[in-house]
Amino acid sequence: MNSDFPTASGSVQWHLGPVIDALRTSRESTHNIRHQGRVRELPSRDILTAVVNGVSAALFPTHYGRPDLNDESIDYFVGDTLNVTLDRLVGQVRRALRFSPEYEDAGDAQLAERAQAITRAFAASLPGIRALLVSDVQAALAGDPAARSVAEIMLCYPGTIAILYHRLAHCLHRLGVPFLARLAADIAHSLTGIDIHPAARIGASFFIDHGTGVVIGETAVIGERVRLYQAVTLGARRFPVGDDGSLVKGAPRHPIVEDDVVIYAGATVLGRITVGAGSSIGGNVWLTHSVPPGSNVSQAQSRNT
Amino acid sequence: MNSDFPTASGSVQWHLGPVIDALRTSRESTHNIRHQGRVRELPSRDILTAVVNGVSAALFPTHYGRPDLNDESIDYFVGDTLNVTLDRLVGQVRRALRFSPEYEDAGDAQLAERAQAITRAFAASLPGIRALLVSDVQAALAGDPAARSVAEIMLCYPGTIAILYHRLAHCLHRLGVPFLARLAADIAHSLTGIDIHPAARIGASFFIDHGTGVVIGETAVIGERVRLYQAVTLGARRFPVGDDGSLVKGAPRHPIVEDDVVIYAGATVLGRITVGAGSSIGGNVWLTHSVPPGSNVSQAQSRNT
Amino acid sequence: MNSDFPTASGSVQWHLGPVIDALRTSRESTHNIRHQGRVRELPSRDILTAVVNGVSAALFPTHYGRPDLNDESIDYFVGDTLNVTLDRLVGQVRRALRFSPEYEDAGDAQLAERAQAITRAFAASLPGIRALLVSDVQAALAGDPAARSVAEIMLCYPGTIAILYHRLAHCLHRLGVPFLARLAADIAHSLTGIDIHPAARIGASFFIDHGTGVVIGETAVIGERVRLYQAVTLGARRFPVGDDGSLVKGAPRHPIVEDDVVIYAGATVLGRITVGAGSSIGGNVWLTHSVPPGSNVSQAQSRNT
Amino acid sequence: MNSDFPTASGSVQWHLGPVIDALRTSRESTHNIRHQGRVRELPSRDILTAVVNGVSAALFPTHYGRPDLNDESIDYFVGDTLNVTLDRLVGQVRRALRFSPEYEDAGDAQLAERAQAITRAFAASLPGIRALLVSDVQAALAGDPAARSVAEIMLCYPGTIAILYHRLAHCLHRLGVPFLARLAADIAHSLTGIDIHPAARIGASFFIDHGTGVVIGETAVIGERVRLYQAVTLGARRFPVGDDGSLVKGAPRHPIVEDDVVIYAGATVLGRITVGAGSSIGGNVWLTHSVPPGSNVSQAQSRNT
Amino acid sequence: MNSDFPTASGSVQWHLGPVIDALRTSRESTHNIRHQGRVRELPSRDILTAVVNGVSAALFPTHYGRPDLNDESIDYFVGDTLNVTLDRLVGQVRRALRFSPEYEDAGDAQLAERAQAITRAFAASLPGIRALLVSDVQAALAGDPAARSVAEIMLCYPGTIAILYHRLAHCLHRLGVPFLARLAADIAHSLTGIDIHPAARIGASFFIDHGTGVVIGETAVIGERVRLYQAVTLGARRFPVGDDGSLVKGAPRHPIVEDDVVIYAGATVLGRITVGAGSSIGGNVWLTHSVPPGSNVSQAQSRNT
Amino acid sequence: MNSDFPTASGSVQWHLGPVIDALRTSRESTHNIRHQGRVRELPSRDILTAVVNGVSAALFPTHYGRPDLNDESIDYFVGDTLNVTLDRLVGQVRRALRFSPEYEDAGDAQLAERAQAITRAFAASLPGIRALLVSDVQAALAGDPAARSVAEIMLCYPGTIAILYHRLAHCLHRLGVPFLARLAADIAHSLTGIDIHPAARIGASFFIDHGTGVVIGETAVIGERVRLYQAVTLGARRFPVGDDGSLVKGAPRHPIVEDDVVIYAGATVLGRITVGAGSSIGGNVWLTHSVPPGSNVSQAQSRNT
């Protein structure tokens, strides 16, 4: 299956002994990155992808489920899909919890119990998440003159994938598994080019058009009916540093975007500023101070030489 | 296969009844997004990807087909690959047509007939599409000092993938299946970070270098021998609104870029303006008015503080 | 398996004869892009992906290998994984060498010997590459206030994937297989939105945050402890043209970035300029001239209308 | 992916033209076996295998379904599995019906309607089939001194697989799709070495031990609590020939085996004879006449030379 | 993927409610076969197949392993393959132990410990098993005039597969996991038509030619250098019944076959008899009494009518 | 993916060092079965199965090919399938040739040339093989009262699979690759329970009904229109021994069965005898002497005790 250029005398001898020794030395002493010398089971990108696909299918069975569903069969499908998906999720939650300081040394039983409680809470959140996602889809249909049907928005818009992953990741983050939330966010980033930190709080009816290059930071707060275009950054201006000179993790440092704001392509909004309700931020604008509700911010013009 | 942390008493009971009920309520009444209450078969992202791969293999069998082809075997391969691919495509066309208002209520036979006619026309367009794509590849070879061979451009350039998908998507759009065209465009977007609306009209010998973040809007018109770099936007300035306040879909609102124009990285060109033939638009330029042929537009400088 | 709408009279007859003839004509005469009329075996994107995955697993078995490894089993895993991976790689190297002018007409034995020598040298470089990658991961942990563990950076950061691919691709480039290096770079580009030319030279402790839209050109030189944010371009200002008017390939035309520089999101740095050690280049800055060590460059402000 | 010994000059040219021509001639004229010159869609062995697996999982979810089921999740699983399975089955039924004389020329709608009616009737039969299969498993547990648990009989006994396939195949046969029934029987034959014609009628609590080489003919009738060992044949003695010299298809020509009979390994029972209730037929016996209830038939002894 | 004949009004509604209810009733009350009402995890046929394949590859890496191994790489392969395989096996052993009365109610920790001890003992037995299997292969090479090479016997002889599975299954049986042993035996039975109970004791240099229909019972004892042909049965004559009328499980009831015996095709040897060393039992012989060493037993002749 | 029972302290350490050492000792010295100490590439069961499937699809595209073929597309399919299949076959032939004494030490180029010549000859034989197979299918339709259509015989009869594999294997055997032929025969044996040595010569219109346990030896010769039932053996009586006491390989030692013979289930025909044309050999008959044309041989009766 692999040796695609066999020689007359058999396969190549690579004499790997020294390489393997050097890698062991690197791994165990010179460049050891193992946490406290211990191996911890890691969450799996593939399984988490399957979990998100399973949840998506359960939330929107006619769009993301199987093509043969009808009114009779749909609940069996939803129930079975959720069972499989939650069984998968609970194992990933358990693994991710080991990376939270309070569960690093927890016993197996305690860990399992916590993972089940989180997974149950996640399941209970799904109807609410579905309502938010429907509002997002409707915002897309209303906001893009090129959009023609709900199905097109569900299947062909990267912004839909990004917000779907985000709303699930945010729920996991809120429930206490930030590692898993981050992994989900990164999967969405790879699929869409849209990078939303799972801790960011985003209101209903959110729409990102095109989306490539959008970055939304950890402590950003976004209101309802907000619309973003590609390459918009809601970032930090500087990183708070503690008394000991190290970075303060988690401190508010990203913008607050109030309801009904539109931010056009390439705009960069930085720091814990507030973009007042109903404002419009023009393309490529560089904004580092708060603006009142109803503002119109646009960029200086280029010159023709 | 899934329960990776079995407990002594068997798998976890998730008590999903209330969740499933709430999801049904959400689906059927509170947040129903089903079109006219009906389930329609949806086109499949996976099958459409297979269709594009099949067409690519038929167009460029030695680059995208099988490695063992020779002058004798190549036509059998092309013929068989096209047959399989068109059989797949016709089913996707049929599904996508249901989303066009004029076929929403068409009979099965009428729908099948129309899908076959479209698929036949698509097949007949392939030699012409191949000629355009060869011009694009040659433009890349001529335009990028880092490019060393046709094979490298075929295999390693996201711009090649983007224009390949676009030329096929545009053909589908022109033939009357915009949904399928949009889906193909979104697949390319996810693979490359380049977002070209399938309705955009693009002339021969087109080259996008690097490409991440490029956005080309629905009504853009691009001439021959045009070159774009990453993060270029050919977008709309504002959206026409009809008498009733709703967005007018499909109105011309994106730029016309004439022959032999180069647009450097990060430039934003907005509105139904014309960039005259042979112009050069500098990096990060923000352009919202027409410029005559031969223009050189560049950005204001940053300052060193 | 494919005809999803069978009609009473069997599958559709597509009458492909004329299309197949036209494609043959296009392929063989009107739009022939085959190199010197010969078919050369091409490297495979899928196999190269498997090679990178194999090397990653051998370098970081507890993060990218199998979840069940322990101190006893890990060396068997590393050894077996490397053997399989190098057996795969040597075949790809052989194919890629055919695209280097000096091996275009080499005999099979000479080609095989060269491919083995390159693959051996690649294997010998792995411990050194591992040391660099560990420095990169530690730079990420230190540089991002949102990062919480090494595992999170290994699994959830696109910048980690990008630099992993780059360090392997750069090694292949240096060893004389630029085609293969380019292919690896493009795989990373598709996964992360980060586009680093494999010839670029990058020092230890390199960190790219978010990353979408980053472009680093062929002749860029980057020092140690450099940090980049999304959408940063280290590009060429113009392309040197030779006496005959054709592009001069490989000439130095991208920036030199010295140690400890930070370049914020969206900054564009163009041409063979030098960014002095310890400088900070602000977001969206457009920079086309050298700046001395310790510079602070920031953009002009937008105006609120 | 396939050419595992590439030569310097590319892949081998096989000069297949004459072979392909000769095969076409064979196919279309000299050895044409196409029914009335028409192509009919054929049932699929792979899909039918999936159907049997799906039905098995729905009948015995804890043995043939998923390992993670519990009292809450089991009905969702059964419902969803049945829906998928029946959707698959109905397509296979439709294809198989084309081979029944009365549906050879039926319209598509009529065919679809009939296929749905058969599939519905098949679904309605499942609880009854489950009861029979449970009696079979209990007979195996009682009848084999080596058997230790129901699970062992469900997972490790070829006789269990054979009777499971037979009871489903017999149901399909009875409902009017003999082709599909025959295909299911042949799948079981390949898996187990046990060859039961789907038309054979077999009572409850049936047990075949070891089983390889067992053959049960089309018109055999078997009572309750019958036990067979390997290599038992319940065959035809001669084939009835009609007035025109051709074989009369379907005429009774295989044995009737009454309740509580045991037939030991290698026994051959031929013709429309009756083996009376409670009889015991010894190993390797050759029996071509009826025997009364309670008979004990054994073979002549071998001699020691 | 499944609905291969979509109708205009969507997929078929199967009205499964009553069927699902009836199946639940059957499962939970009328035909409940669940052990003590509890669900126990079952061993997996697929995983056990993977275990046997893994062990085979570790025992004979150049025949059953990867094609690219050489003297340097082979031990890495063997070590890694064994680690993966034992990790898989230990989980199956744990599941199978639940079906042994003494572990039915064991705690998880006790069960895990016992499973590990058994798996370790299995690993320690592998070199001895390899020696036996080599003797078997050499016996085949010596005993079949049609055999031409060791490789042919390793790859093309069902008898090789059967004895390979048996020697592994017998080891598992001896170590206390009869369920798993039985499952392995049944997999071999399905692949080869050869049915050897895992408890049967078989000496070195054993060869079965052709093999279809061979049955070797639970308490059979076979010496060294024994050769069997297809359809040979080493079976029980009658089953011992205890005072309560139920079958006595495990009592000696199958033949003892001493060293250097040959038993030709179709011979049936029944009961706890002894076939003396060096005897030859002719084809189709029916033997139910012991024969002394050096016996020649043959069948009565057929007559020509 | 594999550790299905993780413990708190990570995965199990198996301490495999001594086992791996013992296996190496066994492999390299105490039980070394490697041919002359060299590793030879082995043919692959999986690839050969794919080759037989490919040839079957090319011979009978509407029965074993794709369901969507029509008169236009069928030749593309046949041509492409044959090309892929022959490319695969030639690699397997080359590997198998290494096991023929005359090519054991051949140079790579000589081996490749011979493998291509054999593969070409195989391709040229296909139309003739198709004609024979059609005669076999027609014999089945005529000979089995339960058979209803050609399609049923093509899809549901193990005898069809067995003769299909045999006719291809026999061709490979005749062309000088007995190892590959033997491997194909063993695949068929595993699928059907029918064991035909590839060297056996079998005339047109051959039919095996049921088939489990049929064995046809290496030097058997079978005429036209012969019909066999399950468990028939055409075997050797004794093995010729040379002057040195070793088995003489390949000497004629199996029966000659003339035209129009029927041999019923379980009959054993042994030695280089001739069964005269038109004879009927009854079930379970034991025959070791020649019988003249038109004979009727039947077994002695069992007795009823």
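Lettered A, B, C, D, E and F in written order, each chain numbered from 1.
Going forward, a contact is a pair of C-beta atoms (placed from the backbone, for glycine too) under 8 Å apart; a residue touches a chain by one contact, two chains touch by 3 or more.
Just so it is clear, the model here is predicted, and its values are computed rather than measured.
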Thinking of A-D, which of A-B, B-F or E-F forms a repeat of its interface, with over half the contact pairs identical?
B-F
Interface check for copies chain C and chain E. Shared numbers divided by all numbers used: above half gives same, below half gives different; which is it?
same
Expressed as a multiple of 5 degrees between 0 and 180, the CA superposition of chain A onto chain B rotates by 120
In angstrom, rounded to a whole number, how far apart do the mean CA points of chain A and chain C lie?
24
From the C-alpha centre of chain A to that of chain E, how far is it in Å?
50
From the mean C-alpha coordinate of chain B to that of chain E, what's the distance rounded to whole Å?
56
Residues of chain B engaged with two or more neighbouring chains:
2-6, 10-12, 14-16, 39, 41, 66-70, 72-73, 75-76, 78-79, 83-84, 87, 193, 212-213, 231, 266, 284, 299-300
Along chain D, where are the residues that touch chain E in the complex?
58-59, 61-63, 67, 69-70, 74-75, 78-79, 82-84, 86-88, 90-91, 94, 112, 115-116, 119-120, 123-124, 126-127, 130-131, 134, 137-138, 142, 144-146, 148-152, 155-158, 191-193, 210-213, 229-231, 265-266, 283-284, 299-305
Write out the stretch or stretches of chain A touching chain C in their complex.
2-5, 7, 11-12, 14-16, 18-20, 22-27, 30-31, 33-35, 39-45, 99, 178-179, 182-183, 185-186, 189-190, 193, 195, 197, 199, 212-213, 215, 217-218, 231, 233, 235-236, 239-240, 247-251, 253, 266, 268, 270, 282, 284-287, 291, 295-300
Please output the residues of chain E touching chain C within their complex, sorted ascending.
4-6, 66, 68-69, 72-73, 75-81, 83-84, 87
Can you name the residues of chain A that touch chain E in the complex?
1-3, 10-16, 66-73, 76
